[in-house]
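Two complexes come next, and they have one chain in common, subunit A, joined by subunit B in the first and subunit C in the second.
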Partner chain A sequence: MTAVTEDTKDAATELPRLLPPPENKRAHDWPAHADRHGRLPYRERPGTLIRDIEAAGLTGRGGAAFPVHRKLQAVLDAADKRRRTPTVIANGAESEPASDKDATLLWLSPHLVLDGLQLAAEAVGADTAILYTHVSREHDVGGRLREALQARQAAGADRVPVQLAQAPARFLSGQETALVNHLSGGPAIPTFMPPRITERGLRGVPTLVQNAETLAHLALIARKGPRWFRSVGTDAEPGSMLATIRRADGRPRISEIPLGIPLKDLTGEVSPDSAVLIGGYHGTWLSGGEARALTLDNRSLARAQARVGAGIVITLPPDRCGLVETARVVRYLALESAGQCGPCLNGLPRIAAALAEIAGGRARPQAVADVERWSGLVTGRGACHHPDGTTRFVRSALRTFAAEVDRHQRGRCSATATRPFLPVPEAAAHTEQDWI
Partner chain B sequence: MAEKLLVNPIDCEGHGVCAELLPEAITMDEWGYPVVDPHPLPPGLERNARAAVSACPTLALRLTRS
Partner chain C sequence: MSGINSSTALWYTSRATGVVALLLLTAVMLLGLLVTRQGRLPGLPRFAVSGLHRNLSLLATAFVAVHVLSAVTDGYVNIPITATVIPLTSTYERLWLGLGAVSFDLMLAAVVTSLLRGHLSRKAWRAVHLTAYVSWPVAWVHSVFSSGDLQHGPLLYLAIVCALAVIAAAIWRVSAAGRDVPRAERVSLLMSAVHSKAQRHPPGGARRGERTLSQ
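Let's look at the complex of A and B:
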């Protein structure tokens, strides 16, 4: 373990850790990365890094917050038991339209993610690695990653070959089983567990899938040790995370923040009757009054039935209607259902239609009760969590915008601006080709 | 050890045979898909549960040890 002495304590708590200092325009290239972070600290045998990751308390930054050491250990154990060499996959397919943190990380610090991929491969004894990403809306991330891999090859940094793979532009393409299905040559749609992919994933071998940001944290813990990692964040949820923050102007701002930061530091001053969306489109609407009292960690957010998720914090501008925004997003989520499971296929479009009716004003009196009933009916009945996440979002909207629902029933709406605020991709899937 | 029913929601096509054979633990939702009691199967229903499992036309229903 790297010792953190008193006089380096300030450096330890300094953020950002993952993103380069903004003044350095070439910080993404190999010499700058090697200069800032040093060589890859290979441990020379599988398993040893896992203890450091456990001591650090690193959890997955893709949204589920699953303890990383448990996944690493599960893959290592499955490899021993079944005598199969594992594969590791960095998941940069950030399908949530409101999030931009993984694309930003891959653009600004590609080598930190690639370091993490190599070190995770060593930790579980893998012989192949894949980096799975979306085509970025703004940057040529693929080009930058190819360049990065060439530079690493020239420097002799990598021990395991890395392939780049592209995710279709669908909401569910980053879901773990969808990812494995896609990399196996199928469409990027979820499959039904078990077996767990840590035991039997890509080509039937034990497979580790970690979010891109998670691997970047892993690469730093391998260098600086668990104590350094824990010097920010809370005891229960240590470390920092990348958050996508949107305020009234709608532009995403990517910020590396300590877990446990007060939400009001991210939203700015919000009035009690305003609304804040935490965790994106499978997340939770909170009133400004609730948000002001909470911090960004799962222990605090649980009090308001919310979760950190992938670190999305959106403040709804006061001139927009939360019901109209929610209805538009839920229509998108219904269209993004893979259509494999009866409850999701039938329930989500009906929920979306009833919400559109409520948002449109003077809905049938039973529309709200219909949404509540269907939400209960689809929860927990899909192969993946798409129905559960969607209904969490829907129910929180009905709770947070209850006064607005009443207003709409009387044919009114408090919005003064109609331009859509929450980002929703234009193109829905029409054929099977759109999932490949 | 108690047994539990488990539906593979991808394979299930809503034929409804399971709900006919085992109404004590399986009901149909308003779209014709089975809603399975999440609790362990009460004693005495094992035989009917096994019949429902083997009658499913898409082999989407399973009994698992909990």
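Let's look at the complex of A and C:
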């Protein structure tokens, strides 16, 4: 069971907001939810909630941190212009293997996400809602969501019917266009934009896709207002977010933290020459020395070319090799290429092979230069950001583990443990069926 | 025999850049055909082929621009600037220059849509890009028939070699399409190909707190 930490629980800031108090074992039930949060504050008119969301400054919590009100407005405008009724999709397909926050949220607070889905549907005038999730690694999230929907139906809470859909176990299946592709009956592979899905998405109608956590925040802003939301976080990046934190024991801990929290509050004490991974497998390796001086918000992290992403903070234990870990993850990322854009399909396997060579020791002298060069060649060259995110991860590893690269060139490694640390799914795709 | 004055310099510039442009466009065409079928060039990673295709096409555009501008500026024959983009408006070599204009227009369309690719739908971009299959043959006919330069001697052989190379590549492309690996199987196939080549090394001696790497 994923541990939910209370480290950051603080009466003054009322965190956690999204996750229920851990002492209540039935907190995920409809009565408990209704008791804690009250009725759904429908606004009775499309569009009105959007102003509150704009004032709150809520951004997408799936990783891209795109302003939520702009997406809502784009869907509403497209619906007006094209006279089509939109669809809203809650994206709980947390494909990032190192993240566990959406699965935890859906398990512990399913009704908050479903509230957000209804309110977002009202805000853009949608008549269809879909909740898209991954097969959970440890819980029967699907079963709990079906129960939740039945309870809501009995209580007459929902105005728009909600369908459940399951994502294939692929890294890219949570990517917006891949998701729409999959829900249209195709493989979960990204498509080229434009058309933007906010204009022409599922079945050609304007489609709103929001991360599950984003919708939960939206449901609370609708009830408590933008000022309440902004009472934590920074001015530029207000609010709280769910973070997945892994320290030396490797167990994921989900913690709701205010944006702008010092990284050292999440990593604990780290030595300057240790390493911290921020933002997951499309994220950035930082040295412990860099990480200690930064806070978890995009303004601060930009100084180290890092981003908050979906809130993943992983401290590499001192007995593990960052190069070996990176090579293993990049091999996985290369295997998860959808195989449709040349630079990604051909580039990532080569980069992965060269990294495996470097991690294995006594690589060809030009192997590091090759990785740098190929990374430049594949960046910005895909239908989605898979090559860009992967090369960001690779380049940050070569930067952060530069001393280790030298050691490996001499046939040595500073790690004493060889057990894999970063979680990487075993099953790679071999047939079209694996993408459906 | 007169020496090179400003007019003959422009004339020679136009002819020379025209010939180089034909060679570059042929290379662009061959690389483009290679790219669509995941072809390889020795010593170059597969994904770099598309980069080369793009860069050579921009270079070819520059040569064509000089070719066109020098032909217009040169006063020996009168070619109105409009004739470079509107077909059949030149009195000099009306048909053959008209074909040049057609080819130039299609080329510009391909370049502009590729530069704006992020703002276009995949279908629209591809539809315009496919007109390269019209643009290149038209450019070839323009090259050979606009003037006598390419109708005899080594330049004629060069033009024929270009045509044969593109025809051969097009035939290869069509036949390779039949042997296409399904999308979902491509990645694992490539992964096993590149990883089987990874080298293996003897271990070295380790210091304290270090491990010797052996494979």
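Keep this in mind: the second predicted complex is superposed on the first by the 424 of 436 C-alpha atoms of A that agree within 3 Å, B and C clash if a C-alpha of one lies under 4 Å from a C-alpha of the other, contacts with A are read in each partner's own complex, and residues count from 1 in each chain.
The criterion applied here is as follows: a contact is a pair of C-beta atoms (placed from the backbone, for glycine too) under 8 Å apart; a residue touches a chain by one contact, two chains touch by 3 or more.
For clarity, every value in this text was computed on a predicted model and none was experimentally measured.
*Asks:* Subunit A superposed: clash or fit between subunit B and subunit C?
*Replies:* Result for subunit B and subunit C: clash.
*Asks:* State whether A:342 touches subunit B only (first), subunit C only (second), both chains, or neither.
*Replies:* both
*Asks:* On the A-aligned overlay, A:352 touches which partner chain: subunit B = first, subunit C = second, or both, or neither?
*Replies:* In the superposition, A:352 touches subunit C alone.
*Asks:* Touching A:429, do we find subunit B (first), subunit C (second), both, or neither?
*Replies:* second
*Asks:* Mind working out whether A:382 is in touch with subunit B, subunit C, both or neither, as first, second, both or neither?
*Replies:* first
*Asks:* Touching A:192 in the superposition: subunit B (first), subunit C (second), both, neither?
*Replies:* In the superposition, A:192 contacts both subunit B and subunit C.
*Asks:* Does subunit B (first) or subunit C (second) touch A:333, or do both, or does neither?
*Replies:* A:333: touches no partner chain.
*Asks:* Who contacts more of subunit A, subunit B or subunit C?
*Replies:* Tallying touched residues of subunit A, the top partner is C.
*Asks:* Between subunit B (first) and subunit C (second), which, if any, makes contact with A:414: first, second, both or neither?
*Replies:* So A:414 only meets subunit C here.
*Asks:* Output check: A:364 vs subunit B and subunit C. Expected answer is one of first, second, both, neither. What do you get?
*Replies:* After superposition on chain A, A:364 lies in contact with subunit C alone.
*Asks:* Based on the superposition described at the top, state which of 110-118, 146-154 or 182-190 belonging to subunit C clashes with subunit B.
*Replies:* Among 110-118, 146-154 or 182-190, only one stretch of subunit C overlaps subunit B, namely 110-118.
*Asks:* Which parts of subunit A are touched by subunit B and by subunit C alike?
*Replies:* Common interface on subunit A, subunit B vs subunit C: 191-192, 340, 342-343, 346-347, 377, 381, 383.
*Asks:* Which of the residues in subunit A come into contact with subunit C in the complex?
*Replies:* 187, 189, 191-195, 331, 334-340, 342-343, 345-347, 349-350, 352-353, 356-357, 360-364, 374, 377-378, 381, 383, 407-408, 410-416, 428-435
*Asks:* If we count contacts the way the header does, which residues on subunit A are in touch with subunit B in the complex?
*Replies:* The touching residues are 190-192, 340-344, 346-347, 377, 381-383.
*Asks:* State the interface residues of subunit B toward subunit A in the complex, per the touch definition above.
*Replies:* By the definition above, subunit B touches subunit A via 8-14, 29-33, 35.
*Asks:* In the complex, go through subunit C and note every residue touching subunit A.
*Replies:* My answer: residues 35, 38, 45-48, 50-51, 118-122, 182-188, 190-191, 193-195, 197-204, 206-207, 209-215.
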